[in-house]
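Each of the two complexes below includes chain A, the first together with chain B, the second together with chain C.
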Partner chain A sequence: MWNSKRLILAHFWFAFAGFGIALLLGEWQMFIRSPLAAWISDPDLYYRSVTAHGTTMAYVLPTLVAMGFGYFVTEQALKRPMIGLHWAWLGWGLAVLGTISAIVPVALGRASVLYTFYPPMVGNAFYYIGIVLVVLGSWIWVALMAVNLYRWKRDNPGAPVPFPMFATVAGAYLWGWTAVGAALELLFQIMPVALGWRDTIDAGLARVFFSWTLHAIVYFWLMPTYIAYYTIVPRAIGGRLFSDTMGRIAFALFLVAAMPIGIHHAFEDPQVGAGFKYLHSVFTGVVAIPTLLTVFTICASVEIAGRLRGGRGVLGWLKALPWLNPAMLGTALSFVMLGFGGAGGLINMSYQLDATIHNTQWVTGHFHLIFAGAIVIMYFVIAYDIWPHLTGRALGCFGLMRAQLWLWGIGMIVLTFPWHWVGILGMPRRMAFYDYTNPALASLAMPVIMSVIGGAILVVSGALLFLVLLRGQFAPRSEPEAYRFSVAVRPPHRVPAALNGMGLWVGLMIALTIVNYGFPIAHAIATPGTAVPAVMVGERP
Partner chain B sequence: MTDLVSQPAPDPAAEHAERVEHRWATFAVAIIVLLVAVATFAAFYHTAVPQARVETVNPRTLHLAGEFIESNLGSALDADGSVTVRVIGEQYSFTPSCILVPTDTPITFRMTSADVVHGFLVDGTNINLMLVPGYISSLGARFDAPGERLMPCHEFCGVGHEGMWARVRIVDKAAFVALATRRRRLSCVE
Partner chain C sequence: MSEERVAALRNRWFTTSIGITAAITLVGFVVGFLWLPLSHPSDRFRGAWDAICSAAGLLNKPSSSEQIVTANYPTTRVEVIPHMLDSADAVSIGRGATLALRCTMCHGARGLSQANSPNLAGQYPIVIYKQLMDFKTGARGSAVMAPLVADLTASDMRDLAAYYAYLPRITDSGTGRSMPRIVASGAPLRGIAPCGACHGEVGAKAGAAWLEGQPVAYLHTQLEAFASNARHNDIDEQMRNVARAMTPQEIDAASRYYAEHP
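Up next is the complex of A and B:
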């Protein structure tokens, strides 16, 4: 039944290799703009680094992890060989090719546009072609997830789709649809200019398109993490999943509500009116609901584990939890970061409060705490959990794993809490240099140095990750027992059709996207005179 | 929500679990409703809303005609006693680079970009706007106390982004009005 081990390992190794390099770049960026370093004589080096860091961390790492983990779930949850292995390798190949195509012009200074593109600035065409190739590779994955689920349902009429597969396919459809926004921006706005066919861009329209992708992509990053919360953690710590149904509802809600909210990234923009900004603000509130449901279900599942292990009383079960288990530790640290990050996010999504922190270091702090913190720490937990089943060799060094997870959690908090603080003080983000001798900026110096220390802790944690995985590669062979996902307290015998497939939710997702984006896009297209001259980046005279 | 699922005859523990789950789901929805209600109240009662209207402008002809010609940039004292500040952002500076505004006066910022996307915030305030070429960004504000504040560009706008800092000088209202009688457009130069 196992025909995709090497495929999955290839996805994870490529993701982690990119992660390792981008992690070092990130720490260098923290250092070079801190008071510890002298003025960077060529600021373009900094923006090349930011572009490479963002592109790798936002597009390569989570996409490859979601794809690899998705293939793993397909075989393990459906308990049969995956259909379309050759296609899956093609998807991986496109992602690798795309990454190389994107990174070369960035390294050469021909595409310092940051991973959020910022038209009317336009860089070298190969940067955008690379991103498109990565997305195309991931769309093959989306299609394979759909095909595998469809065939399984055909062969098992009426049976409940295994929850891990339900959740994985929800994530795949979310990504398939949300990537369309950036694809429209790239194909119709940026690439015609990059290829020299046109010399104007509608910057406002392009920003609306990008916002279509910009928020739901975060929920795509989140999907493997949430799937791990529901389907790995309760089993790994010896408990049960509190509710299979609530899990399905949460993922269905993510699919519907994560999409039509991206304009909350454009509250301060002039190309969208106040009405649609308000609508997107409200829907951003709605998408907090599946997260709140998840927090309840996972805490309840963990409590079950604590009580099964003999914990008594209101808080006694906490002490009985297997704290030395990396899955337990990783989840706890992830929840702490999710809590703080989520609270910060409620400020970002607020129609009014956002103006205080928009585009300050607060925002950098927020998405690092949520993505690099709460989400990525669970990527490590996933890797530790499935690695022995991929390599056929045990990962023995639990102490190292715990040290790695602790350092990641602590490092991320030391990095991001000062970032939030300087953001409130008004420190703008994405600058290669700050003049800390200016009395108005002097108070930023200490928190910025703390962030540099936080970044250094993260680098150590990253090194430990590679140490753990490489040591595992050289451990003696030992066939692990069959892989198991978490079992619900009351496993479903029959699931209503709505929660056994995606049709309804995909329909709602597309309908809500049309309602919430239809007018802003149509309006931006119909407004005359908004095509502005493109500004080429990195051209040598 | 759980009644969507048909399950075998429920036992008391299962019923209890379902009740707790329901209660949490209701609580979660209530939190969000409250947050949205607060924002809605502020929006409609205090008119605390982002820019309401979409206005366009041609970045290629800013210097030739319209409200963003050079002689019209800076702070203008309007007939109703309010002040309108017109500023252009371009790689890599704001014009004017030091903005003069009075205390205790309704102020409207009207700004646009001559080239790429810029943005700005005023230190220690919630004044925060994106500048997108082709569009006019507009925002109302009011300053309580005199002083000088930094006004950095806060959106990546190219290799010189780090150097794009302007200032806002807030002066006493009477002093501003006195200056405004001598010149129709003001900046820190006066």
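Up next is the complex of A and C:
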């Protein structure tokens, strides 16, 4: 066992290094377009920064965390050495190479297209090649997760697959399939133009392909967080997982329902029929079911911990919880942000309400609250939890960890609440320059300044993260006890076959994708005259 | 201990999960493709199938009562595609140089005009080509230019474009005037993107001209012509939408900045 420590550390360090740089870029963006700074007069610098920030935060950070954590779970949950270590290193190498290949043209101003690509804008080919390499690296991970599970099941016929592995493989399959949409967009729409083989692009079709990826990618980002809720938190706070079966059902449902709903990102797109927009809304509603199952299960598990620690009465168990424990604190902050973010999401997913906040800063606020807030804070918790097992050195500074998590939670709320607010006031997103001297924008000045302050708090929190991890790297060696995942109240002895493998759920995921996306895609391909000339970005003749 | 089969009708997980998924999909289809469209008061469908097609996103033929708006003036016929004129060779440039002999009296011997005609040296080939084509079709009106292009073929125009693109631009006179706000940042509240985002300092968009060093009177006239719709050959009203929203002071500042900038 334990042949992948360096591999996992390499994944986390690369993810966090990118995160650190992108965090600074984010705050710089907040600052220079706020009333606090004189306008830099070059919007291109701003869009370079936004592209680098988004690409790193959305593709590099979560992908590498999911991969690294997935390898960790594979060894620790299956309790045997991982198969395919060399392949895993190859996947990591591709991700690193891809990141560099993507970021260089962005830094040179040749690919300021933002991470969602926005055809008909087309930038330098190396940007897209880099993204494809990152995705290829992550697909190696998907394959390795599948192979490791398959071999384990073959060697342990009929035994229940450990829940952490079940959940990890669900996340891997979700990613493997959802990345196909963006891959199709890149390979068949954008790259031929970027490479100079074609001059026109069907922007509508490309957007539909991207929406295929865009919703479920959020659930892919979410997977490590949810896995941590179920498999780390109850153990870390001295409790038990309320129900193993409930967890399996939740992840199975994520697989089925998170995927075929992305057209809710194209509500304002004329090329998609209203009927399909409705259908995707319905399934967006269905995704709430596994989310609520999770909230229920985790709250119940936490209550168990409170009662095991001597809490009594209706609310007394809350007081008995180990609030000083970083896992407890991180989860609580994560839930608060998930609650607010989820409430905001209800507005985005409603066809009519969406029209009022479409393309405003509300949307930026929303996805920062959910992703950068609720999700990423648990990445920190995961790192704190598994670090001693990777480095063989204890992480002693709990005070610093708590400060880091508190600052992340508070900073994210100070950042995003004003963002939501100015969005309601109509402040558009993806703009480099706002003239606050104009009376029409004067009321935005204060909330925007608050957001800048929120961002500054996040930068301090990011610095603390590095402090904690670096101190851990130099602490004296100590042999940590064997790693444990949460144990369920009733550990499973036998699991229904449907909840012991992915076949049924992957089948439903693919079938629903075909039903929900097949016609819109076929229709867009078959409609003539929809291609428009590409707009080359960053070319200066 | 061998596992039970998942994909079997006897397996309740299998039948239930597929059943529920199919039921949700079916209800979603009925509501989204029939009930909602048919209960929408403003849409008049000729029956259920029509409603389904519309909800699926199929394009309806406009009914005869709907008016299709078309411009009552000639619009450009040129489709601008980036890189469309990239592959000029020396022969083309040479032919262009010969054809350009009749242009020198107004546009200068090396494409740099002494009078208030626009400079052509170093202009993007797509711009030269498109403007010549527009003069010829009447999309851009000019009593001076129209007769001069009447007998030019498309391939002549490509050669002229290659030749002028090949000539060196006016060189920097070193006046370091700072960019006026309208050029550097546009006016977002009025929907004006920075001029430089299309015209070269920040990004170059195919079809937008190189403006630096053009005579101030020429720039001024063109901006006012766009604003008043007297010039209307820009695709999708890209430049008219900008110019209409500009104040006279901004037109002044932008013209002077570009004229004095090189």
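Simple rule for what comes next: the second predicted complex is superposed on the first by the 541 of 541 C-alpha atoms of A that agree within 3 Å, B and C clash if a C-alpha of one lies under 4 Å from a C-alpha of the other, contacts with A are read in each partner's own complex, and residues count from 1 in each chain.
Definition applied: a contact is a pair of C-beta atoms (placed from the backbone, for glycine too) under 8 Å apart; a residue touches a chain by one contact, two chains touch by 3 or more.
Keep in mind it's a predicted model, so treat the numbers as computed, not measured.
Engineer: Which chain, chain B or chain C, is in touch with more residues of chain A?
Structural biologist: Chain A has more residues touched by B than by the other partner.
Engineer: So, does A:Phe296 touch the first partner chain B, the second partner chain C, both, or neither?
Structural biologist: The first partner, chain B, only.
Engineer: Can A:Ser41 be said to touch chain B (first), chain C (second), both, or neither?
Structural biologist: The answer is second: A:Ser41 touches chain C but not chain B.
Engineer: For A:Met536, is the partner it touches chain B (first), chain C (second), both, or none of the two (neither)?
Structural biologist: A:Met536: touches chain C, not chain B.
Engineer: Taking the superposition as given, does A:Val286 touch the first partner, chain B, the second, chain C, both, or neither?
Structural biologist: Both partners, chain B and chain C.
Engineer: Looking at A:Tyr150, would you say it contacts chain B, chain C, both, or neither? Reply first, second, both or neither.
Structural biologist: Touch partners of A:Tyr150: none, neither chain B nor chain C.
Engineer: Would you check which partner chain A:Asp199 touches, where first means chain B only, second means chain C only, and both and neither mean what they say?
Structural biologist: Only chain C; A:Asp199 stays clear of chain B.
Engineer: Tell me the contact category for A:Trp323 with respect to chain B and chain C: first, second, both or neither.
Structural biologist: neither
Engineer: Based on the A-chain superposition described above, do chain B and chain C contact any of the same residues on chain A, and if so which?
Structural biologist: 43-44, 271-274, 277-278, 282, 286, 431, 433-434, 438, 440-441, 496, 498-499, 523, 527, 533, 535, 537
Engineer: Would you mind writing out the residues of chain A in touch with chain C in their complex?
Structural biologist: Going by the criterion above, the answer is residues 39, 41-44, 157-159, 196, 199-200, 256, 271-279, 282-283, 286, 431, 433-435, 438, 440-441, 496-501, 503-505, 508, 511-512, 515, 519-520, 523, 527, 533-541.
Engineer: In their shared complex, at which residues does chain B touch chain A?
Structural biologist: On the chain B side, the touching residues are 1-2, 4-8, 14, 17, 20-21, 24-25, 28-29, 31-32, 35-36, 39-40, 42-43, 48-56, 58-60, 91, 115-117, 119, 121-124, 126-138, 149-150, 152-162.
Engineer: Where on chain C is chain A touching in the complex?
Structural biologist: Spelled out, the residues of chain C in touch with chain A are 1-7, 11, 13-14, 17-18, 21, 24-25, 27-29, 31-33, 36-37, 52, 54-59, 79-84, 124, 179, 184-189, 194, 197, 200, 202-206.
Engineer: Report the residues of chain A in contact with chain B in the complex, numbered from low to high.
Structural biologist: Contact set of chain A toward chain B: 43-44, 47, 50, 112, 114, 118-121, 202-204, 207, 242-243, 245-246, 249, 266-274, 277-278, 281-282, 285-286, 288-289, 292-293, 296-297, 300, 346, 350-352, 355-356, 358-360, 425-426, 428-434, 438, 440-441, 489-490, 492-496, 498-499, 523, 527-533, 535, 537.
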